[in-house]
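Quick heads-up: structures coming right below.
What follows is a pair of complexes built around chain A, which joins chain B in one and chain C in the other.
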Partner chain A sequence: MTALPETTERKLGLVIDLDTCVGCHACVIACKGWNTENYGAPLADADAYGADPVGAFLNRVHSFEVEPDSGPAQLFHMPKSCLHCEDAPCVTVCPTGASFKRVEDGIVLVNESDCIGCGLCAWACPYGAREMDPVEKVMKKCTLCVDRIYNENLPEEDREPACVRTCPAGARHFGDLGDPDSAVSQLVEARGGVDLMPEQGTKPVNKYLPPRPRDADIDVLAPYLEPVDAQPKGFLGWLDRALERI
Partner chain B sequence: MTSPQPHVETSPPVSDEVRKTTCYMCACRCGIDVHMKDGKVAYIEGNRDHPVNRGVLCAKGSAGIMQHLSPARLRAPLKRVGPRGSGKFEEISWDEALETVRARLATLRETAPEKLAFFTGRDQSQSFTSWFAQAYGTPNYAAHGGFCSVNMATAGIYTMGGAFWEFGSPDWDRTKMFMLFGVAEDHDSNPIKIGLGKLKARGAKVIGVNPVRSGYNAIADEWVGITPGTDGLFILSLIHCLLKAGRIDLSYLSRCTNAPVLVNEDTKSPDHGLLLTTPDGKHMVIDRHTGKPAPFDGAGVLPDLAGSLRRAGTSHRSVFQHIAERYLSDDYAPEKVARTVGIDANRIRRIAADLARVAFDEAIELDRPWTDFRGERHEKMIGRPVSFHAMRGISAHSNGFQTCRALHLLQILLGAVETPGGMRFKPPYPKPATAHPKPHCRVTPGKPLDGPHLGFTHGPDDLCLTDDGQPARIDKAFSWENPMSAHGMMHMVISNAHAGDPYKIDTLFFYMANMAWNSSMNTSGVMNMLTDTDDNGNYVIPNIIVADAYSSEMVGYADLVLPDTTYLERHDCISLLDRPISEPGAVADAIRWPVVEPDRNVRGFQSVLLDLGARLNLPGFVDDDGAPKYADYADYIANHERRPGIGPLAGWRVGDGAAESNRQTGLTHGRGGPNGAQIDAYIKNGGFWSAHVPDGAAFYKPWNTAYQDWAVEMGFYDSPQPYVFSLWCEPLRRFQLAAEGHGTRQPPDHLRERIKATLDPLPIWYAPLEDGHADPVEYPVHALTQRPMAMYHSWGSQNAWLRQIHGMNPLFVPTALWTANGFSDGDWARVTSVHGEITVPVAHMAALNEHTVWTWNAIGKRKGAWALDTDAPEATMGFLLNHIIHELLPPKGDGLRWANSDPVTGQAAWFDLRVRIEKVAPPRRSYPDPGGQDRIVPDPPQNVTLKVGS
Partner chain C sequence: MHPAVSIILFTTLSGMGFGLLAFLGVGIPRVEGWVAAVFFAIGFALAGGGLLFSSLHLGHPERALKAFTQWRTSWLSREAWASVATLGVVGVFAAALVVFGVRIAPLGWLGAAGCIATVYVTSMIYASLRSVPRWHHWSTSALFLAYSASGGALLAGQRWPAVAVLVVTGVGQFLAWRAGDARYAACGSTVGSATGLGHLGRVRLFEPPHTGDSYLTREMVFVVARKHARKLRSIALLLAVVLPVGLLLLPAFHHLGAAVAVLSHLAGVLCVRWLFFAEAEHVVGLYYGRRPA
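On to the complex of A and B.
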């Protein structure tokens, strides 16, 4: 078993706006590209051009339909990656200490040199956010781009996770959710951000902004667009009067 | 167990160098930062400075590295050694390949240049490839627009001098209500997502009109799940509501459109329905100041929307009175159309009221004075903050042209085009149809064509017909069958060439077009046409040359393959002469440059075409001594001049042309002489050039003297070209007049009624033509395709990352059909159209029009193509709807071949398709099984473990 820090100095994480996410998978691939080239072993793809390709991804987009009691069905896209939980069961279950949560920012990482690929952490994670690399057989997970966010070789504006930098719709936000004054905390406050599956008791740091109500106007009675003139030929009379005014 | 926290390297080196170029993973042309390690491509992200994507990048763009490393890359020129379609080739040298092509084309050029058909697909160098074809002298050239979105582009140009996407976009920063029609998940990709993100952040309302609620429509605040093919009727009903309530912008209509122009009312006149002109050809209006007729652009003239005039015994009434008369008719009342469009009448009314409220009650005023082309000064720029965007969903129907026209009519009636908060054009647009070339088709053996192939027709005199009245082009573009086919009709080329209709050809030359697969209608039939032989055992289509970078299905049907580079290994220019990448507030162009050199025996196609042109001694390709004029495409990009001072790239030219020039360096933008260091300047600037539209010129562009002057300075045109929008589209009326019997150039009798009915000068709606052939009771279901955001055409399946997102494509079935057929997960269905049947896997989707099924476009692959294993799901489970969409309508018994296309533009009517579906026992694979081909490229790796920097 591996211990979690009692507290962390910051709680870095993501805020993901489900009202805005169009499900384009840009974040999925930007993540795949950066993390293949950076932290730990490359994210491998087994049977890459075959019948059953299996690649390691640290972030995936799930789509699901909701059929409300009234109004048409709705489709939502939910990007999902490690939520960097405060009470991360994936850490405490790790038999070697490979999984750990950083004291300074709360990021949950896997020290690959200590990982024996037992997979217990993936079983323990209620979110399915960890994936075994199909070739290297070490556990892979979102690093919150720990090698970008402090990286002095990157321009300051690029020191954010690859998924946030690339998101075309601006549906992903990064910051310190432990600081109530941070932009992300303010956004969570303003939009009623929620935890994913809070009943699991893992206290996830990442937050989701719920979709705004959809199709609210469908059954609204049409405001009366008053006809300009009910009489035949009346339109031209109206036109003439209206033209006098322009 | 507590262990010390491991050390993490948080500042690893990112790359040795960043090379900035232009993406080619779809057609949007975003700027990319290519991170290099050890001279290799390590990571790709968006370029923050680039006007198109501002740093963001979609899944395709980020996966570019896997396209660059794709196992499907061709490696050397190939000569076919087995039967066509078998995939049996041998590698040959470039000299042998080019000499083979030269010999063939040289003979044709001296005898019958039209026997070469050169068509390019996802070509981003059309101003160059068309220049080759014109110098060669064949009339048979076009790119892929005819089967893509020509209805959208053409309806926009004819109506208002531009359309959506490359031509214009919503004023994302100011619009307060946005309606999206028929856009799946693309075009344009990142800018729409960036824009939607802005609207969401501001809480502006988004309405998605689409039978399928996925992608952008999934995040719409309101979804209108319209019946496919009825968008035009819905829009005309909105227009009915707005007109009836007088909620239209009369000032705008009077000043900025041809609504006040006078129409000839005399049904016996050869000019009936044409616009009254002054002797020097200016359209005429009644001046409200004087009550007298005047040219529309006369200084100080205030055109009267209600004008009428009787002159020399002929009555004339304003276009606006025709508009009022037509759309106030109860035929367009919400109650009347509700059933057809599948939208409740109350809801149509409410959306009309929403549009009116936002446009007029929430109008925008910018304190920016401007002066219009009549000399009138306006103190403010008034904006109607409603905006629209539409693409292929409304375009790819046989009523698509008129539907697109209807949408533009709606925008214009609201005063929401080129005004703040509405739709804004992107320089060098707006540019009316009259400022574009006309099509040319006059062939002289051994000589160039008499002008550009593609353009805009304005009446029967502009059609591309032979002296005996037959279509002059192999695709029958600009013929009576589709007189305004401004992008050609690539989807008809193979079918017509095979049928010898209107004539036989010798050589088909395709660049970057997968015509043996997803880019053709009737795919199985096309594969047969490509391999069909005559009585002597010779192929009916004698020669096929294909240029492509990858082992596509079409490559398998080539006799000779010219292997192209990947997009990271080549020079390209994204030119203002072509399909620009400007934004409404800035004009821009860009380059690609080889961030790495190819490691295979491949060459950039444009350089190959320059070589070929020189070998053929084509004018422009050789100098006076017959030596090649350009060493390669980079040389052409920097040094070619299309007209004096105007070249492929507008940035960093030499001379004293534009005012923005830097006098010290002698460099200038827009007009100027060629600069040998131009490409280096682009590379230094991040791969692109852009110049901002001055604030006073940013809106009202067609009428704003400040914009017109700036456009001349930039070289878009040589003198100011102000114009008004054509609500009444006179070219359409000229074709109708011919069909009514006027004029010397007459349509064949079998087309008269169709021309009269469909080429109406005001927008109309008619049911998709397939409805007249496929019994709606027997074929009650509409069937559509959409392109996913994470894939582009057929390219994505060779990409190990992207194929894990979209590796198979079920047919999505709405709830009622799902239940009625007793489907459950894992089931299969037979899908039958009037043309044929396919057997495919199904999946349930509730957020879908109840009479519509759909699938992802081009996921299915032919076995052996794209370097995939033969048991890849793309080849076993994947499927194309194309097999059941014919390029022709069912025979009518008249012996004629009627294209399944829009009768105005020839746009392929992909989305007219009607089917029935029924459950079948799960088969071994999807059907039809088109057979396989040998793999042309080496076996792909089993696993991919990429790490360049390790």
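On to the complex of A and C.
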């Protein structure tokens, strides 16, 4: 049923640290790999070695440059996947009931055997989190690796989404954002985690940690540090004094 | 948004068809027998044909019946119900009128109301999407209804009502384009809010996530030929409104003129609908370096 649940027992989601992500795209590849080989239709590529390749991905990394009013520009890498919104517009538009939000953990999923491939859910999502599979013609989206996180056949350390498990920088965190005492909620609290496009009214569960202030802040002791090379010595010092006298 | 031929044909043809069926339902013109049969056949061909075109848009049309299940939340599901129920009611009305010569007036009125409801529900599929600011407004529904009424009046051969509705539609469309151009900027979504980095300075896409196209860029970050939008708007209004009104105002008005007016209107509305999709900016474009115009 595509009516959204009033509340969910848990709010499983991701916390992504924009200060830590190095933009290696390992999460993109890990996601594509796991979700091609496991639950649901494989994430297909069409014309993969041809002139016009196109493929379905559930997670992509965008890179943004931010230019402050003063100082040098900074570069941030932003992995983006389904935000498992509390008020998910993609779910309510689905005409068949294929899209749904789970009451037990808040994960937004697609029942692929009910999907007619109309694409309306992808239109409704402001984040571009859903992509039509070019071969199976059903809508694909992040499942939060629902076939890993509860999978007792996997070692316990692997029971988290493939993107989180693979991230070499530790920029991705997985947990229950509905529990204020969980590690992810504490992290969001401490770092001032934000929603993407809050004005779209989707109430995303996933949070993004903004970069910590840096470069702009000057150390309080800086004024007391004498410049070490203010006066050149030796030949350069003589040249400096000689030129000064001319 | 990608202007898919299937949805342009669907919204245009079914809009005109339901418009004609609404006029026939209330007995304008008051036709009977073979003339009625021809009028209803045109109405059903347009409305039903348009719906068939919409199924071409589906990845799995064989599962289309499942689309009747979620009418509580989904405008697309409501569209399925409204169109089938309306075609059913109008079908019974038409059969009684054509085959038995009996005009069941209340059924006709119910059918006409169903036609209006169906066009409104179709428009809400688009108007309900907050992610496409240009569509997310009551004027989207108003214009879908206005074009349906224009096409219906033309097809029903109602000279003066057609002139009146066409003029109102043309003015409405002009105002809606003007208002729509400002709506993206007013929705508040910027690349700053999309990345959560806006408080740090000016945000610019440095590197897209993929070098080629993706489903997202093809479907929702459509920009081809938008540079001709202004010319196309003029051509669309000329064909959809100005030329038909001119033909209707000719002193010697006959069937050939009416036919040309209908075809011109059809071509104009197809152009309007192409623009409706091609000009609509999806906020996901912010992640691909597209800014509000």
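Note that in this section the second predicted complex is superposed on the first by the 214 of 246 C-alpha atoms of A that agree within 3 Å, B and C clash if a C-alpha of one lies under 4 Å from a C-alpha of the other, contacts with A are read in each partner's own complex, and residues count from 1 in each chain.
The rule we apply is simple: a residue touches a chain if its C-beta (ideal position, glycine included) is under 8 Å from a C-beta of that chain, and two chains touch if they have at least 3 such contacts.
Treat the numbers as computed from the prediction; the structure is a model and nothing was measured.
Of the two partner chains, neither chain B nor chain C is touched by A:Val184.
Contact with both chain B and chain C is seen for A:Glu67 once the two complexes are overlaid on the shared chain.
Looking at the superposed arrangement, the partner reaching more residues of chain A, out of chain B and chain C, is B.
Touch criterion not met for A:Val108: it reaches neither chain B nor chain C. Touch criterion met: A:Thr2 reaches chain B and chain C at once.
Of the two partner chains placed by superposition, chain B and chain C are both touched by A:Leu75. Look at A:Tyr208: by the touch rule set out above, it reaches chain C but stays clear of chain B.
Using the contact criterion defined above for the overlaid structures, shared-chain residue A:Cys142 touches neither chain B nor chain C, since it reaches no partner. With both structures placed on the common chain, the touch criterion links A:Pro134 to chain B and to chain C. When the two complexes are overlaid on their common chain A, residue A:Val220 makes contact with chain B while staying clear of chain C. The interface of chain A with chain B overlaps its interface with chain C at residues 1-3, 28, 53, 55, 57, 65, 67, 73-76, 97, 114, 134, 136, 211. Within the complex, the chain A residues that touch chain C are 1-3, 18, 28, 52-57, 60-69, 73-76, 78, 80, 89, 91-98, 114-120, 122-128, 131-132, 134, 136-138, 194-201, 208, 210-211.
Contacts from chain A toward chain B in the complex involve residues 1-3, 17, 19-26, 28-30, 32-34, 36-38, 41-42, 44-51, 53, 55, 57, 65, 67, 72-77, 97, 100, 102-103, 109, 111, 114, 134-136, 146-147, 149-154, 157, 162, 165-171, 211-212, 214-218, 220-228, 235-236, 238-240, 242-243, 246. Across the complex, chain B meets chain A through its residues 1-3, 5-6, 8-14, 35, 37, 42-46, 48, 53, 55-63, 65, 71, 185, 189-190, 193-194, 196-198, 200-201, 213-216, 218-223, 225, 241-247, 250-251, 254, 288, 304-306, 320-321, 324, 328, 346-347, 349-350, 352-354, 356-357, 789-790, 798, 800-805, 807, 815, 845-848, 867-869, 871-873, 876, 940-950. Per the touch definition, chain C reaches chain A in the complex via residues 1, 57-61, 63-64, 66-70, 72-77, 80, 125, 128-132, 187-189, 191, 193-197, 199-210, 212-216, 218-220, 282-284, 287.
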